[in-house]
Amino acid sequence: MHKFQFRPCGNFRTSYQDELAIFNTDFGRLWISIGILLLFGVVPFISSAYILHILNSIGIYAIAAAGLNLLIGYTGQISLCHGAFFGVGAYTAAILLVKGGLPFFLTVPIAGVVSAAVGMVFALPSARLKHLYLCIATLAGQLIIEYVLVHWESLTGGAEGIVIPNTSRFGLDLGSDRAFFYVIFICFILMTWIAVNLTRTKIGRAFVAIRDNDRAAEGMGIPIYPYKLLSFAISSFYAGLAGALYACHMTSITPEHFNLWLSIEYIAMIIIGGLGSIPGSAFGAVFIVTLNEVLNHIPEYLMNIGISTGAELNIAPLQDFFYGLAIVLFIIFQPKGLAEVWRIIRSSFRLWPFSY
Amino acid sequence: MEFFLQILANGISLGFLYALSALGFAMIFKSSNVLNFAHGGLMAMGAFIFLALSVWAGLPIILAFALTLAGSFTLGFLLEKFFLRPLIKKTLIYAIMLTLGLALMFRGLLTFIFGGDIYSYPKFLPETLSLKWGGIQISAVYVAAFIIGAVSLILFGLFYKYSSQGIYMRSVADNKPAALSLGVHVKRSFALSWAIAALVCAISGVLFGIINGVSVHTLNSIGLKMLPVVILGGLGSIRGAILGGITIGLLETFTGGYISSSLQEIMPYIVLVFILMVKPYGLFGLVETKRA
Amino acid sequence: MANDHKMKAFRGEPSIFTSTRSEESQAELKVKDLTLKFGGITALNKIDLSVHDGELISIIGPNGAGKTSLLNCISGYYKAQEGRISFNGKDITHLSTNHLAKIGIGRTYQNIELFPGMTVLSNMMLARHVHYKYNVGQASLFLKNVRNEEVRHREVLEELIDFLEMQSIRKQLVGGLPYGTRKRVELGCALALQPKLLMLDEPFAGITLEEKEDMVRFLVELNEAWNQTIILVEHNLSIVMSISDRVAVFDFGVKIAEGSPDFVQNHPQVIKAYLGDTS
């Protein structure tokens, strides 16, 4: 007989299987179900096209950020080429859709696999290196991929990029943002679930072991190099899949979007969201995309209230500044990121109103 | 043959500039094991402060330069005090991420104020500095860079090797807790190395500005190029920084001269990947070993 | 079946240990002519050592004698320049550390090597890594076999936790535990690997008398009741002499004596190495 648990005052589980559950309480399970229902049943119908577009971006960034968090937050391998892998996925999808004429539902996973393969190629030398050297090797990877995207014109269209005609976006008629919302968020939930599963099994434990003490991990029989490769492959698979969704979402892609600063933006997301926390990656994506949109609207707002004449004020570069500021402030004041803030809020509400 | 020699000369002079700039990078690494991704940002800050003082405020060159150096020194000091000091006790990964954040901040701020345009300094270096042998020409700026570079390299080399503060800084890099317990003022050591590094960055930023014009993007990408330079030479060694700088300088000019100019920018990184594949600790780096 | 996975207060004897020796738990280590050099220093000079199944052999010697170096060679951290190491008849000289752990050589370290940011239980789960039988694909979907494996090994670990009397600290972070307790956790991790050969590097260093007594109790039970083969590197001679089957004495990278505790205690060269030249 299952007894519903809502407010745990301690650990009263009676079988080891219960300890493996993702949510500690039925309360958590209830909330997440309500959340998913709202997300799929209500949100797409009450949001404007603009909000929907932003939500889609958040979903895409959250997928890629989850992958990067597995690599940096769990395995402890700093990678500066996540943006490039994202780009590889986007280009693979675009080329397959436009030139190969493949259906959408095939291209997305293929893009993920191609990106994972590229990621592994770059990880082959990198994974042997200790973190500082690795960090630099991935920087080289980022710049080399960027170069290839610009200069392999026959395949990538050079600096012009590739335009994906609306009709070829999907095998099925899913052209609108609303339909795409479902595609993105189903992927998002699936990929998040997979990431959480990885972290609660031996794979995730091996990653953390490599991050914390690779010598001891080796002594415990964990092969370091294969696991580092695996971590790179998984993270670039996430990036590639998200990139493919991005290509379809934006309908045109150019190489300059996938530059080093995108990689750094991803790092900003997972730091702000919380290193080593899968939900944190989603928080980070929400934060960065929202910040981005707010900054985009500031000049407009200023113009409306008559402070500036508008035309010459270009606030876009300040985005970088605020990302940077956010990274710096989070590292100094809340290094565990928004995930920790969320945990603190939740636990202070848990025992409400008797919060002593 | 003349073409070859000209390229050789260009490469060596460019390499010397890289070496000077890498010195600032290596200094921070040496004292705190932090990879400074804000290096390009610091260079750009120096270059733009100099631009603002010399062109916009119209100060005499020498005064403007002195003020730039003082400003960068203070900037480095403040950066360490407000941003890096809280992280002294945390893992290295946070400090590295923090420099990424700083890099973003510098980039954003400078593009916001100055835009993405290229500015240039007035010509102030005397033409007599330039060298000429037959058809080979080395322009004044490179000679100036060489002189400034050589002087600072020697000064800093001596500083690290013989001055007590230099020895403190090396001890802090080697083992922070041990240095602390021996009474080394670790915080001052860090602050000083950041200040000096910012100063060196400003010098090299100004020199690069004279050659290529001052632009946020160029200086940022030069800042990134310090990574292959220091890796080639082995992280945190001053001699390595010089060797790495010259190697990368030659590599770039020869790629540009003989293969293709679009490959020029990417070549150092390709070489870097291959070198790391063969020698994971760089050409002159020490292999870190840990006893069981 | 589901009831089998219920939590129990105490489980009795660990099921991964058996008192009868089978092919599976066989441990025969042979080190032959092993020479290890660091630059000009010879850390190990033509070491011969054999460890028989089910015995507790101790290695003693002054500081810098090469005891830990030998363990590092056996567990693959150092690669010897000359000589061979074989385990159960198989040449293992060139195997990597993680492979050696997989074939059943577990160890502890002189300066505890654990994961301070994880709980005791997670540390032990990590140590049992090689026994979890599922792949990445299954793990990513958390299939039924993954869950069963997780539960099954959790039970084994709980037995070990009972054996080592660590129930109360099971979910505490290792970093927050006192030194002596961490030593015990490290032993737990080494056992979680279910090694055929267990190598302990100074398990009695820096812990209190009570903790030493507990540790001795564990080692003796492991060795005598469950026939665990153990190599013990230790400075505490009274413990070594009372629990070892055999003792090998090292000095300056050379094995100067080997035999029963009594034999070694009266060996002139050993006395010389420990007490200096008395003549």
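By letter and in written order, the chains are A, B and C; residue numbering begins at 1 in each of them.
What we mean here is this: contacts are C-beta pairs under 8 Å (C-beta built on N, C-alpha and C of every residue); 3 or more make two chains touch, one makes a residue touch a chain.
Since the model is a prediction, treat every value here as computed from it, not as a measurement.
Relative to the centroid of all protein Cα atoms, the closest per-chain Cα centroid is that of A.
Comparing the centres of all chains, each the average of its CA atoms, the largest separation from chain C belongs to B. The mean-CA centres of chain A and chain B are about 33 angstrom from one another, to the nearest whole unit.
Chain C has its Cα centroid 42 Å from the Cα centroid of chain A. Between the Cα centres of chain B and chain C there is a gap of 49 Å.
In chain B, the residues that reach two or more other chains under the touch definition are 292. For chain C, the set of residues that touch two or more other chains comprises 77, 109. Residues of chain A found to touch two or more other chains are 215. Every residue of chain B that touches chain A in the complex is listed here, in rising order: 33, 35, 83, 86-87, 90, 92-94, 96-98, 100-109, 111-112, 115, 224, 227-228, 231, 235, 262, 265-266, 269-270, 272-273, 276-277, 280-282, 288, 290, 292.
Of all residues in chain A, those touching chain C in their complex are 13-17, 19-20, 194, 197-198, 200-203, 205-206, 208-209, 212-213, 215-224, 230, 234.
On the side of chain C, the complex with chain A involves touching residues 2, 5-7, 75, 77, 96-99, 101-102, 107, 109, 113-118, 122, 125-127, 129-130, 132, 134, 136, 139-142, 146-147, 150-151, 154-155, 158, 189, 193.
Note for the complex: chain A touches chain B at residues 72, 76, 78, 124-126, 128-133, 135-137, 139-141, 143-144, 147, 151, 215, 260-261, 264, 267-268, 271, 314-315, 317-328, 331-332, 335.
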